[in-house]
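Next come two complexes built around chain A: one with chain B, the other with chain C.
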Partner chain A sequence: MGRYIVRRFLEMLLTLFLIATATFFLLEAVPGDPLSQRADKLPVQSREVMYKRYGLDKPVMERYLITMKNMAKGDFGESFVYAGQTVGGLIHDRLPVSARLGIQQMLLGVTVGLLLGILAAIKRGTIADYTVVAFSVLLISIPHLIFGLMLQKIFAGNLRWFPTIGWPSGDELWFGGWKYTVLPTLTGCFSYIATYARLLKTSMLDVVNQDYVLTAESKGLSRGRIIRKHILRNSFIPVMTQLPMSVAMCITGSFFIESIFAIPGIGQYYVTAVNNQDLSIVLGETVLLALLYIVVLFITDLLYVVVDPRISMPGRKK
Partner chain B sequence: MFRKKILALALTAVMAVSSLMVGSSVSAAEGDTQVLNLRTASFGNNYDVQDMGWRWMMAACYDGLYRNVADQDGEHFILAGAESVDISEDGTVYTFHLRQDAKWSDGVPVTAHDYEYGWKRLVTPEYGYSYASFMFGVVGAQECFEGTGSVDDVKAVALDDYTFQVTLKVADPTFESKLVATPLYPTRQDLAEAAGDQWGKDWTLCVYNGPFCMTELVEDNKMVWTKNPEYWDAENTHLETINWYIVGEDSTAATMFDNGELDILQTSGDYVIKYRGEADAGNMQLVVSDYPGTIGLVYNSKEGGGLSGLMSNAKIRKAISYCINREDMIAGVYGRYKPAYSYVAPAITFDGSSYRSQVGEMMQEEYNQYVGNPEALQALFQEGLDELGVTTPMSDITLTYLTYGTSVEQQAENEYLQQIIQQMLGVTVNLSIVGDYALFQAERDAGNYDMFYSGWFSDYNDPLDFLYTFYTNAYGENNYGGYSNAKYDELLDSLTGETDNAKRLEIYKEAESILMNEDCAFAPIYYSTKEVFLQNWVKDFRTSSFGASQEMYITYIEGRGN
Partner chain C sequence: MLTPDKFKVIGYTEEEANSICRPTISYWQDAWRRLRKNPVAMASLIILGLLVIMVIIGPNLRGYDYIAMNIPDKNQGASAKYWFGTDNMGRDLFSRIWVGARASLAIALVATMLKLVVGTLYGAAMAHFGGWVDDLLMRIIEVINSLPSLLVTILIMMVLGNNLFAMLVALSITAWCNTARQVRGMIKQLKESEYVYAAEVLGASPMRIILKHYVPNMISILILDASVAIPQFIFTEAGLSFLGIGLKTPAISLGVLISLGQQTMDFYPSQLFYPCVVLCVIVMAFNLLGDGLRNALDPRLRQ
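Moving on, here comes the complex of A and B:
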């Protein structure tokens, strides 16, 4: 186990290095640079001074080495486009906002989704099943943007139950200011509901037809016990595979939601940074998200063993 | 057009009546809080006046020697930080006597040393300020910025605490119009140096000498300004709080405006049409003003004449330009703006009145002979082909229009231009649409085009700022199609040191005529305007075009009821 974790850790460092390198050179390969639009309509004399100031007058390899050296020290540098913004500040100010939004969406969405999935599976072929399926298809087909604007128009505009835009800050960053979070959370949770309801239903239907369920039934076990002990647990593998994806995506996946509700999160900023070729921020966020993803994947690997003891830990002696 | 005039008249009438009812003094009704809520798509995250950060904030939170206002007299400046100014006989030495009651928000007086520091900072090369060229007329400034001179030799100096003196290389009548621009605002040396490279980035390190102070910022969400009690004209500043919200979507902004969560709205597309109707019905106010920008087609003027090889001929350029029915295009594509028949925008004033009204629209007469007349246009194009010795029939000619962006408006723009040119001339127009500005720039710099859509938004109120863009390589060799005309350059050069306004006007006129009538280096399409919708309870909100883009400090709220 210890050796496995060390190996995974080293692999992680290598992966992050490769991702950072690839990101750097991909951004370099795109025509233009973070200053090109800003500098385009400047008098010629001012342009050179500006490029010098941001260190963009140096050759690519030299800048690559400088960037990597600083990155090893945890310094991704400052945004080229938004003066004064750094990746450190981003993690400090914006990550919690996106994290809370993502967590709320997931908690609500995954819970409701799983419950609906169970309902659809055990009430297979009934009105309840069809309703859940139809509902899921509908929810997954409507883009976030439309949902958000619709909810905003109805609940903030016409009914005035909730504020139109905004997000709790300060002391209420993690807890409190709920009225601001209701609409964005709802907007985002629909896709989780749809995804997980369908996923769990399909997976449960697979399991229901397995021999061991028949055995359990013939043993005379109660229906509730069969569902809990035999069906649910075995249907959870696909859900466990999907979850880390959702966790990693929940931070960046709320781009539209953040934009509609003016939520100062990381997702919106990431997209803007990519559009602006804001090298330091893109690099920092990419590495951060990659790190998050790798860690979540690692935890999932460990969890697989918990859910299904038949899956063995790599490196363990058989 | 007619409808617009009626609207303008009606609005003027409404304003006149309401101002009569209000009277001259501000008497806020019971229950009105002096809070103004506005929307923007992004904050300029830059609080450095020398860097001309977010203009709205610069205007509201800082103060310079002069302040630009737009009122019934048009765009003009008034004294702000300066109480009086002496100009030497030869026009090269400006001595500003500063008001002694001006203070920074921390209570420290604003002195001539702050101006000296701000100005010298602007041309210090290590900061690389993009607006350094605003000061190049000052003795020693350009040399300092380019690293050949010392900052000590820059002749912008504090003679004492309240006297600031600037010496120009030669007399320059455009100099004063630059003084409303924020790069020439004062900066506190003690604070800027203590902040180091965080200056202008970390707003908590800022002090303000304008009507408002920034007091809260949540990035990508909200910015709050509150009245600056230390401002020298605080007595006439009515608003207590200004809230800015980041609202990306127009539909969200519309919801908020309808709810009264926003007091002022700038929007686009269908919402403009909706709110114009509301304004017509008296449910809100609409303020339309000229904005100093001109947009149109830039031709590839480089040797070789672009991808088609035809762009070197003035008749061909004219034929393309005159295909485009300006009125139709702006009505169909934008639903706002004004048709343009010259380069310098009508918002620009010269010698106290609109430059445009003094010299008229340059290409309109010739344009009227051709517009909507395919035979005449094709004949003109053919003449151009003959001059070039090209025998290809017009139906086999392909012109390449380079563009980028995917907004609905941009698509409509591209399609309109393609259709109308094809229809009128019988040539093929190939749309070369690239993904973003950087790609556009790459294609443009490689010369892979015949024409592209571009223009200029002026930084200071003088025709020269527009005209200088077509001076050989003034803004790089590609921005304006690589246009170069020795006679044009000579004319602009002859302005140096010229102080006689009548002569300047003649030179401007001649230069612009070369650009428009002789060379047709640019096909102007529209003059920009600004449309702002206000709730009926917002009073005295003005928009202006230079330095301060909004003058909120005389605005007040009356009749909102909360």
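Moving on, here comes the complex of A and C:
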């Protein structure tokens, strides 16, 4: 176990280093430099000061080394566009917003999805089953983007039940201000509902035909008990393999939803930074998001072993 | 006592014994037969056919130019003159939607081709060379996959600018990894399988093994891969254009039309409604056809 964790950790560092390097040189290839728009009209002297201030007067390789050194120290750079704004500060302000949106979507979506999946599997071949299947195909085929716009138009625009845009802040950052969060959460949760309902239904139907279910039935166990103790437990494995991806994706933010509802999350800022050609922010955010993504995948990998003892450690030799 | 001369052969010849009375059905004929029995998949196929026709002839159907402005007729709703109404510059939305859908479909199809070609070659190289080449190439895939793919796509768009070429590169740059993995797995599995070994022992040329065994197995994987990828690409393209990172006006795609529609959605919802409906129909038809294809092509799912 210990050796596996250490190996995975070292691999993670290497991957991060490669991502940072690749992103740095990719952004170097962006035509023009981020300061020219502001600095071109200034006198030569001020321009030089400005370039010096952001370190853009040095050659590429030197800047690469400096950037890498700073990142290793935990300093992910400062905005070229908004003076004084750092990536660290941004993450501190905006990550909670994206995280709350993601967590709410997942909790609601996965719960409802699993319930619908169970319903469809138990009531196989009935109206309930067909409704769930049709519903999930429909949900998968309507892009987030259109769902968001539709909900916004109907429930905020026409019916005025909820505010059109915005997000709770201050004391209500993590809890409260629910009326702002209803529509974005609904928009995002539909894809989770569809995915998990389909997944659990397929996997439950696989398990139903297993011999141990027949054994349990012939022992005279009640139907509810068979479903809870035998079918559900065993059919959760595909769900468990899907979950880490969902967790990782939900923390990195929902770009489209944040953009539709003007939610000040990481995703929205990333898009703003890209449109402003704010290279240092883009670089810092990319590396930090990659870090988050990898760490979440890593942790869930470890949790697997705790949840399902049948999964052996990949590093362990038999 | 029974002796062989007491038995007589009646109505039986050597040829008849060996003749095959039912027509042989190849894998593809069988798949097509199964697909035809699936009404949902056939309906999607017909809808897709209609969409393709509309994308080709749609912009010319009403005789309005999709670029020329006609200010007196701006922001109209659906009418006999303008079937889907007009936008804020008086341009016929019906013509614009089909031009946009043409761009979206073309981008998705070309990106899918790129993904399949790159993925297949990469996967085949991994499986063929094995050893350290395989490890190295796999590590590259892992690095690409350790970033959310939307981030990579956005980064590439930023570097290459807002144009069609950039869009294609950005969309396919992360997508091929999945194809490569599947192809690698498939070829590795086939290389070890008994029937390929048997074919080798019987003296089949490498060309025959590739054409008879590798290609048919891989084509079904690739078709399924494409049927998942196309709606995904259409959606991502629309999303990026909506965020202002994809194509920009005057180029139009469904995403551009949706983002233009959103700006006026409070007053003229029809300008948002029609592009959204067309996008949903395209994505849904591809998804349902993909489901049908999976049932028809994947032997493991057959009952």
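Everything below uses one rule, namely that the second predicted complex is superposed on the first by the 271 of 318 C-alpha atoms of A that agree within 3 Å, B and C clash if a C-alpha of one lies under 4 Å from a C-alpha of the other, contacts with A are read in each partner's own complex, and residues count from 1 in each chain.
Going forward, a residue touches a chain if its C-beta (ideal position, glycine included) is under 8 Å from a C-beta of that chain, and two chains touch if they have at least 3 such contacts.
Every value quoted in this text rests on a predicted model; they were computed, and no experiment measured them.
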Does chain B (first) or chain C (second) touch A:246, or do both, or does neither?
neither
With both complexes overlaid on chain A, does A:255 touch chain B (first), chain C (second), both or neither?
second
When the two structures are overlaid on chain A, which partner does A:98 contact: first (chain B), second (chain C), both, or neither?
neither
With the two complexes superposed on chain A, say which partner A:157 touches: chain B (first), chain C (second), both, or neither.
both
Of the partners chain B and chain C, which touch A:191 in the superposed model: first, second, both, neither?
neither
Which superposed partner A:275 touches (first chain B, second chain C, both, neither):
both
Which partner does A:27 contact after superposing on A: first (chain B), second (chain C), both, neither?
second
Based on the superposed arrangement, let me know which partner A:146 touches: chain B (first), chain C (second), both, or neither?
second
Determine where on chain A the residues touched by chain B overlap those touched by chain C, and list them.
30-31, 149, 153, 157, 259-260, 275, 277
In the complex with chain A, residue positions of chain C that touch it:
142-143, 146-148, 150-151, 154-159, 161, 231, 235, 238-239, 242-245, 258, 262, 265-266, 269, 272, 276, 279-280, 283-284, 287-288, 291
Residue numbers on chain A that touch chain B, as the complex places them
30-33, 36-47, 49-50, 52-54, 82-85, 93-94, 149, 152-153, 156-157, 160, 164-167, 169, 258-265, 268-269, 275, 277
Residue set of chain A touching chain C in the complex reads 15, 18-19, 22-23, 26-27, 29-31, 137-138, 140-146, 149-150, 153, 157, 248-249, 252, 255-256, 259-260, 270-271, 274-275, 277, 282, 286, 289-290, 293-294, 297
Chain B residues touching chain A in their complex are 45-46, 48, 51, 125-133, 142, 145-146, 198, 200-202, 218-222, 245-249, 251-252, 255-256, 258-259, 261, 436-439, 441-442, 456, 473-476, 479
